[in-house]
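In the two assemblies presented below, chain A is common to both, partnered first by chain B and then by chain C.
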Partner chain A sequence: MLTRAVSSWVTVVACLLAVALLVAAPRASHAQIISPDLGVSLGARKNTALTVSVLSGGVQSIASITDGAINAFSSPVRVQTTWSVNPGLTGSVQLVAYFTDPTSALAAGPSARIASSRVQGRMATGLPAAFTAFTGVGIGGVGTAGASLRLFSVNITGPNRNATRTDDLDLRLDLTGQPPLSVGTYTGMIYLRAVTM
Partner chain B sequence: MLAWIMAGMSAAGPIAAQQRAVATVSLVARKQAVVGLTPLGADAQLAGLTPAIDASPPAASGAVGLMAIWNLPPEQIGDLRLRTTRGALPAGASYIERRVVLLDPVAHARHDLDLRSERSAASDALVVVRLVVY
Partner chain C sequence: MTRIATTLARTLIGASAALALVGVATAEAQAGIQSNIATVTLNARKNPVISLTAAQSALTLAGGITDNSAVNQFPALAVTLDWTLTGGSSLQLVGWFGTAAQALANGTNFIPSSRIEGKLSTAAAWSAFTGAAVAGVGVAGSSLVLENIALTGNLTNTASRSIDLRLNLAGAPATVAGDYTGTLNLRAVVQ
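Right after this comes the complex of A and B.
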């Protein structure tokens, strides 16, 4: 009985030794090999960005025009401009407002029109601190000659290469000295365009 | 590499691609139709109302000058009538009516009304001059 137990134990130990030899044999038979370093390049590009959006006042209205007088639009247009640019490549960020046709900023038909010279804008935090007519030229290919208004110009330096600014644009019609307008609903569109120079 | 650098440089320095962003603002302004009367001359003692004017008869007989002003949509051009009545326009009251054909949607015209007959008919009554557009 004792002899059989010892025999079984010896058999188990022998099997374990055999397995251990099989596992260890390949390593023991080869020298360690290390591959040369393989480089993996990492690249990340931060593109420049420029956005302009109207936060409020995107629709301006006058319920009833008074002839021969100044007619103010109801509320200012709140404009937000955001940029992220390279100071070495961008000298300034500018915001321009313009109509597409100086003779017809607002129109109620082919013969009922209000010229852009009768529309005035003011941006207290920008360039036209007082009400100024939309009669300027475009800037850098942006805007319409005779129907544009430059709202701000920011020189880009290191500290302001990434920035956001919010400005209020006040609008009004100056009809002083003008003959009475024809009855109708006059509509028009102002384009606000930010541009890097 | 040199070509890449030169592509981004000019004699004055680096050149950046111009970037643009755009937003829009809509404008809406309404011009309402207008019909009005404006007294001319102080002798008529007219107190202006729109579109009607209440007027005391002139102390001395004579003409009262009135300026009619209108600004109407072209599709509403029609006859303009200047109607003069007494008091609060009682039923069957007589009135003077002058008819003017509107040729222009935006215009004005002067009318001289002789109020002597009105004064004789109702010496202390108010004279109501009303501009009516048909």
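Right after this comes the complex of A and C.
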């Protein structure tokens, strides 16, 4: 009787173990399944930046023009140029100043004009170290033929791929040898734009 | 093992393609980049102006004074007028002496402006410096309008003139020996 009871108990325990193994066995088998690898491409662009701003001297004036002479504007134009470019893809940064019409840089009416050849600029820290007329061509699609002046050109290397520079642009009218101007207030606009080459 | 290698290869190809695309896009974007446009306004005022210049600052009667005669003619005086105006009908060149009774002086001996005459070299008639001031320019009794230019279509122009001056001592008392000096003032005025 006792032997039968023990035997039954053993049988029960054996069954429980068998069930436990059956339950555990599938788990061990599922742990070996591997999903396909998923590749995710990551891209992040640092956009190039190129800005020009006039820090001071945005309005230049001559109170009274003297005919047949050089007439300097009162103060320099302080220009700040900032860029962030890829040195492997950008050779240089250039700053260009220009008028839209070489025959009419400043005008006081339809028949009272001052040509851009009579307006001169100088940037001691740039390319026109001496006063130079606005008679150049456009550069890199920037400027007007016959009315442009390249102010500086900076070769881009690793160290200066991100940079800011500040320059003073001096302006004057050279009316030497010109007929007297008609009376009036002559106004005009110089455009400043940087371009990468 | 084969599956892992395949997956790795696919991933690398995808990443390379992605990098290549980024590179191409960057190269295109950095060629000829233009900044914003900054501007500078220019203002320059041309005011109305009349300028008068003379080629000589001193005239001397080389042969000396001849009393009781009008032959005392100075060398011609060359003057240039430049003007830029907005309006007006005439531009007048006025000459005058500061004191009518003492146009030229030799100590306390004087030649009055009435004995000094002037004209344009191209004109025939002489006139004495005995007129009134013109538009506030000159002195009453010792002034003379030497030129009168009509301003019609020439508000901006230049003109050169030659002016003759002489002492007309005909009928006047004899002058006292010595140097007579004086100043002829010239000014242009628009009316």
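Before moving on, here are some points about what is shown:
The criterion applied here is as follows: the second predicted complex is superposed on the first by the 153 of 197 C-alpha atoms of A that agree within 3 Å, B and C clash if a C-alpha of one lies under 4 Å from a C-alpha of the other, contacts with A are read in each partner's own complex, and residues count from 1 in each chain.
Simple rule for what comes next: a residue touches a chain if its C-beta (ideal position, glycine included) is under 8 Å from a C-beta of that chain, and two chains touch if they have at least 3 such contacts.
All values reported here derive from a predicted model rather than from experimental measurement.
In this superposed model built on chain A, chain B and chain C take up the same space, so to speak, and clash. In the superposed model, A:43 lies in contact with chain C only, and not with chain B. By the touch criterion defined above, A:163 reaches neither chain B nor chain C.
Of the two partner chains placed around the shared chain by superposition, neither chain B nor chain C is touched by A:107.
In the superposition on chain A, A:62 contacts both chain B and chain C.
Of the two partner chains placed around the shared chain by superposition, chain B and chain C are both touched by A:173. In the superposition on chain A, no contact is made by A:72 with either chain B or chain C.
Of the two partner chains, both chain B and chain C are touched by A:197. Chain A residues 48, 50-54, 57-65, 67, 71, 73, 77, 79, 81, 85-86, 89-90, 97, 105-106, 108, 114, 119, 140-142, 169, 171, 173, 179-197 lie at the interface with chain B in one structure and with chain C in the other.
Residues 48-54, 57-65, 67, 71, 73, 77, 79, 81, 85-86, 88-90, 97, 105-106, 108, 114, 119, 140-142, 169, 171, 173, 179-197 of chain A are the ones touching chain B in the complex.
Contact residues of chain B toward chain A in the complex are 8, 14-16, 18-34, 71-74, 105-106. In the complex of the two chains, the chain A residues touching chain C come out as 34, 36-37, 39, 41-43, 45, 47-48, 50-54, 57-65, 67, 71, 73, 77, 79, 81, 83, 85-86, 89-90, 97, 105-106, 108, 114, 119, 140-142, 169, 171, 173, 179-197. Remark: chain C residues 3-4, 7-8, 10-11, 14-15, 17-19, 21-22, 25-27, 29-49, 82, 84-86, 155-158 touch chain A in the complex.
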